[in-house]
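Chain IDs A, B, C and D follow the sequence of writing; residue 1 opens each chain.
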Amino acid sequence: MTLSSHQAHVILDRAEAKARELGLSVVVAVLDGGAHLKAFHRMDGAVLASVDIAIRKASTAVLFQANSEDVWEYCKPGAPAQGLQLTNGGLATFGGGIPLRAADQSIVGALGISGGSVSQDVEVAQAAHAAFETERN
Amino acid sequence: MTLSSHQAHVILDRAEAKARELGLSVVVAVLDGGAHLKAFHRMDGAVLASVDIAIRKASTAVLFQANSEDVWEYCKPGAPAQGLQLTNGGLATFGGGIPLRAADQSIVGALGISGGSVSQDVEVAQAAHAAFETERN
Amino acid sequence: MTLSSHQAHVILDRAEAKARELGLSVVVAVLDGGAHLKAFHRMDGAVLASVDIAIRKASTAVLFQANSEDVWEYCKPGAPAQGLQLTNGGLATFGGGIPLRAADQSIVGALGISGGSVSQDVEVAQAAHAAFETERN
Amino acid sequence: MTLSSHQAHVILDRAEAKARELGLSVVVAVLDGGAHLKAFHRMDGAVLASVDIAIRKASTAVLFQANSEDVWEYCKPGAPAQGLQLTNGGLATFGGGIPLRAADQSIVGALGISGGSVSQDVEVAQAAHAAFETERN
């Protein structure tokens, strides 16, 4: 399966609706399975820093096939791969990046959210991911 | 004036409609006045190379406050600023990037289109730019 | 279809056999459909410059879905997209990069050869590409 | 001594056999004494992140003439060269990179493994390194 524009827009739309519900302005990035940009939206009022952060959370998720915050378990101080976050041009190892899987569980891309607190970004990301999975099934 | 999400989506929607009318799959990039990404869409079937090209056309347009192809006049062999295209991380000095101006003519961003021939990209870019201006007025 | 290690090695093996037949030492790079490295071999005696050149020919081919030399038609002096070679981190717009397609013609990767003259690199690339297609069918 | 293609393939073959024995999909990178890529293979199923990580472990090993994890002793918090890991484009200071030495102990290259847990990567790297040494002697 290749990630479609339709699927990317389901993600953008749900992320933005959820962000508005939480009173947030976020950046939403959707990458394909090769970590190339598919769709992107910076809501009015989102900080500029979130452009890079949202894309980096998504690329971390697609490169490691894992939620961005789970990568931190490998690279935190004292963990076996301490410093892993310096690879691949610099990872974002905190919440808000979630991989996107086809029905057969193969990776077709990832989404990344930035703009609120990390827990808010995760909440938005999870809502957008759930919408993707509902649409896919 | 700051470029709004609403304006960015007017551009994305018109560009995609025009591309479909021409039978093309294009990438559409919208940057703000600081050359930061505001909205982006890679239509299904567009080549991967167009991700970078569309963003670069838009950044060339906003950085020089000129259509991307007009920058070539300054940097072509024999012109006074020969080699200018190597600055700013590499310019895209061919058609498809158009600056976005507020009613007072100040620059608020730029759009970039890539995916068809250069003349097709320019046609899509002009249609999207016209929609932006119509909506602005 | 995803490019397999088996397919990548068919390419490496045939490229090296052809290079030896021509008395050459070449670099062979095989990328997947997202332009990520899948397999690579620098034959003994190949110049160091060919490491980057082989990878860049392959990435040019996969990003544009075209033979690397065909991209030059768009960017040569006087062509509509003059300067296109400065995009995507710098293209290699001469022969030796060939896209790899699945039976349904979708792009699954590309190969790049560097080390001989351009016409020799093309000859090696074509032999390797033919071996890939024979194995695929 | 210059690292030969034959030696590089001894390393690739042993690393892959060991990875299969452990039920892993890994990336194997072999660099020469100048930190330039000599041979590379991403096994089917290895995560994309491992492309960069394997190469970086090998480059860390060749640049410092030490196992990648040993470099961490110099750069960890409180060590004299705190922050050293930010040099050379970012080091990989955890296990999986091992320098390759000629019989006279001069450095001729390094190998890097990524794809499993760090201890698994080290196990694969050690097996490949042992095969290199056996073949060399």
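One rule holds for everything that comes next: a contact is a pair of C-beta atoms (placed from the backbone, for glycine too) under 8 Å apart; a residue touches a chain by one contact, two chains touch by 3 or more.
It should be emphasised that the depicted structure is a prediction, and the values quoted were computed from it without experimental measurement.
Engineer: Whole-Å distance, subunit A centre to subunit B centre, using C-alpha means?
Structural biologist: Averaging C-alpha atoms per chain gives centres 26 Å apart.
Engineer: So how far apart, in whole Å, are subunit B and subunit C when each is placed at the average of its C-alpha atoms?
Structural biologist: 30
Engineer: Express in whole angstrom the distance between the two chain centres, defined as the mean CA positions of subunit B and subunit D.
Structural biologist: 43
Engineer: Among all residues of subunit B, which ones touch two or more of the remaining chains?
Structural biologist: Residues 48.
Engineer: Taking touching chains as linked, do they make an open path (line), a single closed cycle (ring), a hub with spokes (star), an all-linked set (complete), or other?
Structural biologist: Per interface graph, the chains form some other shape.
Engineer: Going by the touch rule stated at the top, which chains touch which?
Structural biologist: A-B, A-C, A-D, B-C, C-D
Engineer: Can you list the subunit C residues touching subunit B in their complex?
Structural biologist: Interface residues on subunit C, with respect to subunit B: 34-35, 62-65, 74, 77, 80-84, 86-90.
Engineer: Which subunit A residues qualify as touching subunit B in the complex?
Structural biologist: Counting only subunit A, the residues touching subunit B are 2, 4-5, 8, 34, 36-44, 48, 51.
Engineer: Give every residue of subunit A touching subunit C within the complex, in rising order.
Structural biologist: Those residues of subunit A that touch subunit C are 32-36.
Engineer: Which residues of subunit B touch subunit C in their complex?
Structural biologist: It is residues 47-49, 52-53, 56, 72, 76-77, 85-86, 90-95, 117-119 of subunit B that touch subunit C.
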